[in-house]
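Two complexes, one shared chain (chain A), two partners (chain B, chain C).
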Partner chain A sequence: MALDATTVTAGAASGAPARPGLTLQRFARRRSTIAFIMALPLIAVIGGLVAWPAGYAIYLSTLNRRMTASIGLENFAILLESETFRMVIWQSCIFAFSAVVLKALLGFWLAHMLHHIPTKGQRIWRGMLLLPWVVPPALSTLGWWWMFDPSYSSLNWILNAIGAPSVPWLGEPWWARTSVIIVNVWAGTPFFMIMYLAALKSVPDQLYEAAAIDGATGWQGLRYVTLPMMRNIISITVLFSLIVTFANYDIVRVLTNGGPRDLTHVFASYAFQVGVLSGNIPRGAAVSLFMFPILAVVAFFVLRGVNQRNREMA
Partner chain B sequence: MSATAATPSAAIPGLGRKIGSLRKERRWALITAYVSLIVAAIVMLAPPVYMLVTSLKTSAEISNPVGTPWIVRNPTLENYGALIGDPMFRGFFFNSIKVTVLVVCVTMVISVLAAFSLARMKFFGSQVLATGVFLTYLVPDTLLFIPLYQIVGNLGLLNSTWGLVLVYPTLTVPFCTWIMIGYFASIPKELDEAALIDGANWMQMLTKIFIPVALPGIIAATIFAFTVSWAAFVYPTAFITRPDEMPLTIGVVSQLIRGDTFAWGQLMAGALLAALPPVIVYAFLMDYYIAGLTAGATKG
Partner chain C sequence: MAGHRLTRRNMLRSGAGVIAAGTLSAPMVHAQGTGGTIRVAFWDHWVPGGNDALKKLCADWGEKNRTNVQLDFINTTGNQLQLTAAAQAQSRQGHDAISLSPWDPGTYADQLEPVDDVIERLVAKYGPINPIAEFLVKRNGKWRGVPATSGTQAKPACVRYDLLQEHAGIDVRAMWPAEGKMGPGAETWNWDTFLKAAEACHKAGVPFGLPMGQFSDAVDWVGAMFLSHGAHITDEKGKPTIKGNDKLRQAVDYGVRLAKFLPNDVWAWDDASNNRALISGRSALVFNPPSAWAVAKRDNPAVAEKCWTVPMPAGPAGRFLAYLPFTTSIWSFGKNKTATKALLEFISQRDSAEFTTNTSGGYDIPPFPSMADFKIWETQSPPVGTISNYPLKPHHQAKYSIAFSPAPPELAQQMYIQALNTKVIARVAQGGESIDQALGWLERELNNMLRG
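Here is the complex of A and B:
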């Protein structure tokens, strides 16, 4: 900080032809040039592989199927009129919302339970519970697919063993939707758990002691101490998870591939279906672009809330 | 705790019962905690365990289940043997290693340099760029894979692992830069001032001070880059249709499933072998892994 201040004042006072001022100014200029060069590869990645494709996607989405002429917003209009795509919008929203809520609740519960047991034992439990997050989701979903298999389902075997009837996991639309959510919750809960655990550990014990002296019950401690202290982490984690879940592809691709009757497609898998497999690239680009406004609105509100709370605390 | 609690309870009769109930409450809380954790661990570990059990079965045992499918009666390693002897599967492994190693190296060079310059050496627009890094981290890969498919196609890199090396940095670089900025910013300014006074240039400052001091952060970022490139699924699925250029994830999902008769044992063995490298890294470096995971959000 002190160094910055001297360079800035030296730069401002450089009207005078004093020699030390000049070298400092040159030093500052050289420093920012070097800094810029060091950041250049990053700028190239963000510019060339994120910003440029984003602009290109918008351009692509206005073309006709053979990419010979511009048809304006026709692709978006056709999509919105199609029954299948409206189902995709619904399914994406239902899927993302219910999966994120379940993950957040289960993750919170597990983090709490983990926080309650003696510190010595926490490591091994944490290690076991984080495993679903470590295995690449496409591969663990294969395992689930096999557990859901119509004729050899090991889950149905358990259900039958306790006297419940077999479930058509991937054959019937609502069960297929539920299965996709189950696998997503299974894979995503550890992330919430580990985030909340880190947040729980950062809440000072004195706050709970003060609350206990004031006669707070366990629930009141949770409601008036833990939750307010964790609000930022909770909203950031929910934001990350909402984006990843909303844009999920692996699980749907491996588990149902959009079936039965295109009823489990989410934006990403439908974009893949339309853009890459059926070869209608402009319309595929339009499908994925539908995700953008939804994600941008959510990100805007969450980040604004986090910023506000940070400013209040500072 | 109990000793101090016992003395006043003798004097005030009502208090003793209250403290007794507190202790009972705590024991119940502990029991609830362990029961929940055991149930959660069973649910979390069941799929990988079942994959392992299936991978040890022969095809005959899988197709004629007697009793519970959750245990294996005649364990065999023939599924693993068949895969390791299969040149196509070894090719998937080789492709995955090649792409991952290259992407991790490229990512770490880009993000360490950029994070150093953004955390320490301000330049025109550096604040905007730092915000931009965070926002690009929020862009999911499925949003941009179709334009990237076009771009990679125009470069003639479809069906080539080099196309993957080109696009994977979009998955890894924003997050790694972001957490490295956090780690570098936490290094006290006095250190670089001391180095500057001793006549170090910027490169020396980075290699002699920042990289050694922020090593835990660098390890965490490397693990993240490794895990993400190894698990990447959307890009290889879109860009690669030739089996000999496929990395493991899409290779196992698309090539080990042949026709209608699934070789389940082999499929599960392949999935487990493919998942092994990240799991091994995680087993040995769990603390770095968790540090990297939580750093992204807590510093946001």
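Here is the complex of A and C:
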């Protein structure tokens, strides 16, 4: 049996009379105490930067517009009765789910492409493909905005040059939504790519060799070897991206400001408009809190799946 | 002794102590024995060099009053100024005074120091303050800031007079000469004439550049158009007046008809799109402060020399001019309120206001109508007098306005920021709804805003 700090301390304590100094020393040397002390900075960070703001946001969402009295859950009820807000819920879901699915598919494809490039040339491609993820989104979105500009779109200039008609990238609701998703997918795909590439590299070659000996085709190798081995990383990546995409603000703010007719607003952009710009901070807080239950449900199922698989593998 | 040895470490330690002691005991050079320090956050001016006036005025005042005045210029790009105000209000810490965007004096009224004494003295000297500034800044009978000159703008029509003459047969320079009087035909400058001119210019390939999105340029001109039709969404108490409101219906209908003659992408235009449309020579008319003309003067002089600023068209209920003022307010948690009040009073004097307006090339409009006679507006060129009609003058027979007034400011602010007036037009013109459906949506949105 391996000795640890707890057992050593317990053994020493059993033979000697209990003295206050020793008890304190024993308490300090306990594994749980040491673990708690070492985790204290992290607990402080989470408490200060996550728990307290979340609690404060919940408190704010229960206040009236002047923030002088509590109105309970009235802000949430008002929002649910608003056509515009119901549209924002719907749009946020469309935006987040479609963008995450596209990012996952493209990231998976790019990771596969990269995985099969010889190691020497892989670095350059990896670096180049990571660029969209590295550039600050407000800046890169500004670049996209110039390409989509209603009057002077460079994309339209190219389309016109080849005889195609101009596309109302930001002026027409369907195209505006598509444009917002395109930019998010462009910026977020490298994250998936790099995560999937790491996962692909960790799949043992022997599994593919064994599958090949059994006569598996490339598709079957992907279906029965690669995907099962990557399931956890896919789940975690999708969850992480879903959270970030749901909370996205800068792309919508820079590209469309929620327009036309609020048809591209997502939770964060609408919360900012209602909360900070319209001077109704409690209702803005309520808008942003609507993300929480949706993400909590998704996170619960994804993490449960990951835990189950981990247990099975153990 | 070992403890008294002169080591490198001891030397460093002693040196650091000396530097720290010296720093802590350093005198505040500008503030010796008097006014201390004032920290003010002003709006960062669009016009290059536009901040120089406030820098100089504050430095002069600081020197005279032996007060250290520290200035920060914060821009409104990405709503940085609004975010700063929100953060300072929440934390109750920050600058002594801050420039607030039009609706924010109301938002933070409870945390702003009343400045009635300053306003009383200024009004005694220069006459009444612009009523829109009063509507936005006065809460519960108290002035919650001093309406500012720097950044305050109006949005009359900046017209390519050559194109309007050529395609619509309207000579705006004759109608609105730079002579402080109406010219022949000025009485016909109304929204009907405007619609015909818009159609003619649209056919000629130089459509009017009127944004219809959710940014302030769009909300402002549509707001003035609504008011000139007598179209109000609520009464002064905030009670919706949408049902059976023929004037509102007429204004929406007018907006829908006009939208047919605008570029098809105006629903996505931001506050810079109309400027670009004018500067590039693609548009015959925009509603904007002289910044569009000023940039054209630099980037496309051939366009600038054919621009002429005229009042907005009149409607059945009169002529209105969109007005967007900044206010400088003193936080109630500010540390040096008395000195800050004195500074704000100083920069509001006529000489200071004129210096500020001159430095911005005529962009800034002082809050006192009595100051609409600064020489800069008569002398700016090309062509000479091009922005003579930029500030509202008595012969314009117009009123300054802000969209959604006279609704209570707290409600008007929400309607303004959420651009209900442009959206109701867009729902019909772009979304294909009937006017009844769009007005129904408007009423439901409004009722939601009224709650909580």
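The rule we apply is simple: the second predicted complex is superposed on the first by the 274 of 314 C-alpha atoms of A that agree within 3 Å, B and C clash if a C-alpha of one lies under 4 Å from a C-alpha of the other, contacts with A are read in each partner's own complex, and residues count from 1 in each chain.
Everything below uses one rule, namely that a contact is a pair of C-beta atoms (placed from the backbone, for glycine too) under 8 Å apart; a residue touches a chain by one contact, two chains touch by 3 or more.
Here the structure is a predicted model, which means the values were calculated and not measured.
Overlap between chain B and chain C is detected when the two structures are superposed via chain A.
When both complexes are overlaid on chain A, the residue A:50 reaches chain B alone and has no touch with chain C. Legend: residue contacts after superposition of the two complexes on their common chain; A:276 is shown touching both chain B and chain C.
Using the contact criterion defined above for the overlaid structures, shared-chain residue A:257 touches chain C, although it does not reach chain B. Contacts of A:35 after superposition on the shared chain: chain B is touched, whereas chain C is not.
In the superposition on chain A, contact is made by A:152 with both chain B and chain C. After overlaying the two complexes on the shared chain, residue contacts for A:236 are found with chain B alone; chain C is out of touch. By the touch criterion defined above, A:176 lies against chain C but remains apart from chain B after alignment on the C-alpha atoms of chain A. Put chain B and chain C next to each other and count what each touches on chain A; the higher total goes to B. In the superposition on chain A, the residues of chain A contacted by chain B and by chain C overlap at 138, 152, 253, 272, 276, 281.
Residue ranges on chain B touching chain A, taken from their complex, read 29-30, 32-34, 36-37, 40-41, 43-45, 47-48, 50-51, 54, 62-63, 65, 68-70, 109-111, 113-114, 116-118, 120-124, 126, 129, 132-133, 135-136, 138-151, 166-167, 169-170, 173-174, 177, 189, 192-193, 196, 202, 227, 230-231, 233-234, 237-238, 249-250, 252-253, 264, 267-268, 271-272, 274-275, 278-279, 282-283, 286, 289-290, 293-294, 296-298, 300.
Interface residues of chain A facing chain C in the complex, by the touch rule stated above, are 64-66, 71, 74-75, 78, 81-84, 138, 150-152, 168-172, 176, 253, 256-262, 272-274, 276-283.
Only residues 1-4, 31-36, 38-39, 41-43, 45-46, 49-50, 52-54, 56-57, 60, 106, 109-110, 112-114, 116-117, 123, 125-132, 134-140, 142-144, 146-147, 149, 152, 154, 157, 161, 186, 189-191, 194-195, 198-199, 202, 233, 236-237, 239-240, 243-244, 246-250, 253-254, 267-268, 271-272, 275-276, 281, 284-285, 288-289, 291-292, 295, 299, 306 of chain A touch chain B when the two sit together in their complex. Those residues of chain C lying in contact with chain A across their complex are 78-79, 82-83, 86, 103-104, 106-107, 110, 213-215, 263-270, 273, 276-277, 280, 282, 410, 413-414, 417-418, 423, 426-427, 430-431, 441, 444-445, 448, 451-452.
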